[in-house]
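After this come two complexes, each holding subunit A, first together with subunit B and then together with subunit C.
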Partner chain A sequence: MKVRAHVSMLFHLDKCIGCHTCSIACKNLWTDRKGAEYMWWNNVETRPGTGYPTGWEDQERFRGGWEYKDGHLDLRLHSRAQGLFRLFFNPALPSLDDYYEPYTFRYSDLFTSPEGEDQPTAIPISMITGEPMTPGAGPNWDDDLSGSPLYAANDPNLKGLDPEVQAQLSEIEGVVFQYLPRICNHCLNPACVAACPSGAIYKRAEDGVVLVNENKCKAWRMCVAACPYKKVYYNWATGKSEKCILCFPRLETGQAPACAHSCVGRIRYMGVLLYDADRIPEAAMVPDERLVESQLDIILDPFDPEVIAAARAEGLDEGWIKAAQNSPLYKFVKVWRLALPLHPEYRTLAMMFYVPPLSPVVATVEKALRASQGNGGLVRLDLPESNLDFELYDNLEKARMPVEYLANLFAAGKKELIVPILKKLLAVRLLKRQESLEGGVTEKALRVLADAGLTLEEAEAIYRLTTLPTLEERFVLPPYHREMAAEVWKDPLAAKGEAGFGYVQPPVRGE
Partner chain B sequence: MKGVRLYPLALAFLLGLALAQDGKALYGQHCAACHGAEGQGIPGAIPPLAGNPRVADEAYVVKVVREGLSGPLEVKGVAYSGVMPPMPQVAEADARAIAQYLKGLSGASAQPPAPAPQVQGDPALGRALYLGQKALQNGGAPCQACHTVAGVGFLGGGSLGRDLTDAAKRLGGEAGLRAVLQNPAFLVMREAYKDKPLTEVEAAALAAFLVQVSQEAPRPASLYQGRFLVAGLVLLGLLLLYQAILWQMRPQSLAERIRSQLRR
Partner chain C sequence: MNWNTLLFGVFPYIALTLAVGVTAYRMVYRPFSVSAQSSQLLEQKRLFFGSTAMHWGLVLVLLGHLLALLLPKGLLLWNAVPVRLYLLEITGLGLGFWALVGTYVLLARRISVARVRAASTGMDYLVLVLILLSALSGVLTALFYRYGSFWFPAVMTPYLWSVLTLQPRPELLLDLPFWIKFHVFNFWLLVAVFPFSRLVHVITVPLGYLLRPWQIVVWVRKLAR
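Let's look at the complex of A and B:
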């Protein structure tokens, strides 16, 4: 057993309102530079949709992630020989068309336009050429606001869904969508690291952050193609690859990453997970249906004395072990089993976790009802308010956001993993609803709770951490003790006083 | 002071003298291939040196060795019209040593020209060897690699060596060609075939083939160059066409596909 710590993030999708504050915080902090205009280390996608870059989940096209065949785990991108052959032309690379042409507005026109009949406007101009352009794509162009169901219809995750269910997804007044915020997944088995011919990408042992060494990067761009989440970007100005760094300078000073910190809906949780580095290969090399289980298996119990002893033997600080024990991630992922990684079938063992969203209260039961009444048009649901929720609980397979769709996103298509999570979430919601409507814990709610496999205490804890957490409960950050590291080579007070001064080594193309 | 300055010059002179001593060895190295070990030559193809009155003139010999000789010539009543290649790689001192050695050769001591070993050359075999369809026994490169002759190949052969169509006329007919082939006098060819000499049968076959070829009129190099250019342009056109087809067939990105659908 080789215990390592991983700083992970959890996205509670039920709380995401799709405001893109996280994306803007990240943009302002990290990618507001020349060559990085098109990059969104953090982006929020509307689902069903094609995402950013458009259709990134289509691995037939982008060839990201790993392929498990005949007991071998191979990059889907290419073998070594193919990689050499495609060194200078890699058809799997996304082009600017797949991302979007970054644009801004010529605000100076507002002030310098000659006097005329009309109010001057700031016309959109390309951030690459500076020429006026008509924006035709953006980092979340397939949002509900882009005015076309075409993006949603091309979502690869609709694969395997009933044509009828698919058609229903975009039906007028029945339209349904959710949001999917995405950052780099800081995978345990990162394909970008494996694909880099220069050995420029590495996973930090202390907290699992995957970083690009810009001094070693030689711009082969194989990481861009190999990452199944398309979260490594190529900076055309510096000729180096860049990616989300999990705001490690913020983490090291005890602050949550900018995206998490700025989150309006407070959907993001940060915490430490202990994992067994020795068992990563065996976790990645199982059939698709066992992938989630095998990944959760190598996440260790921080209260297990054996694990604690092994963690100490690996040199883990007491503070880190403590952080792992208080980690909201551990509770969501391992104790309550409410969270899943995004697209486990890519076999990179993504370490950012998602709590799948509940559907809108009104579900597709409505449609069955309509049909039974022989009424094609819209009807008001004539169900007793209190019963409606329970109706959905019993008919989760008819939920307006199809369970199959969520399974394709978070469970490699395995519905059996999504249903218990939705049941637990719904059971907690029903319990609290009954509490406020009926003034206490009802018999009915308890029955549902027992069916979902939750005790009253657990349900209360889930409720508290979901709706009422304090900042310290959401972000349980480990102590990095950078001051101790500084002590080794410098007077810590001097190091603090001189922070920000010294040499800046900008990346140089071709070096 | 003066003596010190002259010292290197004197050394160089002495060194040159010492090198020039061995005229016989130098002859064996540079001349014997064609003119024979004893300077007997090949009647009708390569003029004899032993007993040749011209070798008495040292300056003439040095000039011929270093600058070559061509054109009609008559020695001992036999007419020759071959070409002797220039050998500037032979130092002047060496050439002088060779001239000294040649002066000492008496025609009498030389063997009468031995009747050429009569291996009948097979021109068909020669053609196969020339084109490389049949490998040379000792692993030498086929002639086509560097030379061209009339009537072989649409684009001709290599352009490194000379056109061999008139080689039989230039190099003293079949007998001369055999000698040259078995012991090339040309600098590049000598290096190339140093460890891979042609056998007697091969040399005879090639000589027979080259004699046969010499009946044809030599073609100008520009003919081959023109053909080469046209062939290259045609190939380039085909490649560009292929590229255009591939470009048309390139997969459209999903983003473009959706956008074109929306435009409709």
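Let's look at the complex of A and C:
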């Protein structure tokens, strides 16, 4: 057993309001630079939809992630020899048009236009060429499914869904969507690292953050194609690949990443997970349907004395072990089993977790009930809302956001992993609604709770951590003590009275 | 000292000194810049034709030159049978032509695609022009002064060795026709430009990829010790 710590993020999708505050915080902090204009290390997608870059889940085209065949785990992108052979042209690389051409507006026109009959306008110009252009795409062009049904219809996760169910998704007045915020998953078995011919990308053993060494990056762009989540971006101005750094400078000073910190819906949680590094290959090499289980298996119990001893042996200090024990991630992921990684079938063992959304729910049940009572159209039911939920509990396959769809996103198509989660979420919701609005809990609600596999205490804890957590409960960050690490690099006293540790080169491309 | 000595006896040493010295400096003190910037993100189709042709054409032709430098006798023996000579010459000419076309495509692309132009520096154009001239003069030489693989071992191999062993004999080139001299000088020019341009990326060919483990994990703490 080789115990390592991982700093992970959890997204509670029920709470995401799709406001993009996270994306903007990230952009302002890290990618508001030349060459990085088109990058969104954090982006928020409307689902169903094709996401950003458009169609990133289409691995036939972009060749991201790993493939498990005949007992071998291979990069979908290339073998080692193929990787070298394709140095001069990487056929799986997305082009700028798969993202979008970044643009701004020529605001100076507003001031310098000559006097005339018409209002002056600021025309859009490309942020690459500076030439006037007509914007035709953006990182969230299909926000809230606006504009065109085309995006939703082309979502690869609709594969395997009943055509009837698919049609229901976009029915007028029944349209349904959810949000999917995405950052780099800081995977345990990262394809970006494996694909880099220069060996420029690495995973930090201390906290699992995956970083690009910009000095070693030689612009081969293999990582961009190999990451199945398309979370490495190529900076066209500096000629280097860049990616989400999980705000490690903030983490090291005890602050949550900017996206999490600024999150308006407070959907994001940060915490430490302990994992067994020895068993990573084992976890990635099982058939699709066992992937989630095998990944959760190598996440260790931070209260187990054996694990604690092994963690100490690996050099984890008490602060980190304590952080792992208090981790909200551990509760959501392992104790309550409410969270899943995005697209486990890519086999990179993504370490950011998602609680699947329950919210856009009742419609089809509602409709079915209405029909059974001879009511069509938009007439509200005269069933009390609480009953409606019980109906849904027994008929989760009728949920408005099809369970199959969620399973394609978070469980490699395995519905049996999604249903228990939705049941738990729903059971907690019913319980708390009765408790706080209906003046008492019914037998039925308790039965449902037991059926979902939760105790009253667990339900209460889930409710509290979901709806009422304080900042400190959402972000349980480990003590990095980077100040001490710096002492080993350089003698801080030697630099006393100076403004820093020396000269840092500006990141400009070579001639 | 005459022009011939200056261009082929002195300049090569300036070029080589620059290539070694500046490259070493750049690797140590400017590692960020040691790379060739890719523009594939900005334009793909023309890059595919241009880049593949130029790179593979150049790599193979250069290997041919290297072979003649290292195994001149072997080359002559191979050429003793006419069919083999023709085969070699045709292959070489074909590859040279391939590289020439590829370089032309790349240069045209860099000039005409607005996005790529926006990401280009003056040096990017200069490098392409030099390579284009090199490929052009090489192809012309192969066409008009047949058969290169015959006379190269007799003239160029001793000349290159004389430079490399610090006993330059530029007079060996004195009577060669203009295009061949041009080709040689252009080569030294490329060597001189090498450390100041994207050409340095030649030294970054990541052969280590064949051997390294798939995953790389770094202990920041242990690294510091």
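By our rule, the second predicted complex is superposed on the first by the 468 of 511 C-alpha atoms of A that agree within 3 Å, B and C clash if a C-alpha of one lies under 4 Å from a C-alpha of the other, contacts with A are read in each partner's own complex, and residues count from 1 in each chain.
Following the convention adopted for this analysis, a residue touches a chain if its C-beta (ideal position, glycine included) is under 8 Å from a C-beta of that chain, and two chains touch if they have at least 3 such contacts.
Since we're looking at a predicted model, the values are computed, not measured.
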Touching partner for A:L150 - first (subunit B), second (subunit C), both, neither: first
Touched partner set for A:R80, first subunit B, second subunit C, both or neither: second
Touching partner for A:E131 - first (subunit B), second (subunit C), both, neither: second
Touched partner set for A:S95, first subunit B, second subunit C, both or neither: both
Subunit A residues touched - subunit C or subunit B, whichever exceeds: C
Touched partner set for A:K69, first subunit B, second subunit C, both or neither: neither
Partner chain(s) touched by A:I201 [first = subunit B, second = subunit C, both, neither]: second
Common interface positions of subunit A, toward subunit B and toward subunit C: 94-95
Residues of subunit A that touch subunit B when the two form their complex: 50, 53-55, 58, 61, 94-95, 97-98, 100, 136-137, 148, 150-151, 154
For the subunit C and subunit A complex, residues of the former touching the latter: 26, 30-44, 47-48, 51-52, 55-56, 114-115, 117-119, 121, 123, 196-198, 200-201, 204-210, 212, 214-221, 224-225
Subunit B residues within the subunit A interface of the complex: 251, 253-256, 258-259, 261-262
Residue ranges of subunit A touching subunit C (in the complex, touch as defined): 80-81, 83-84, 87-91, 93-96, 126, 128-131, 189-190, 193-194, 197-199, 201-206, 214-221, 234, 236-240, 277, 280, 315, 485, 488-489, 505, 507-511
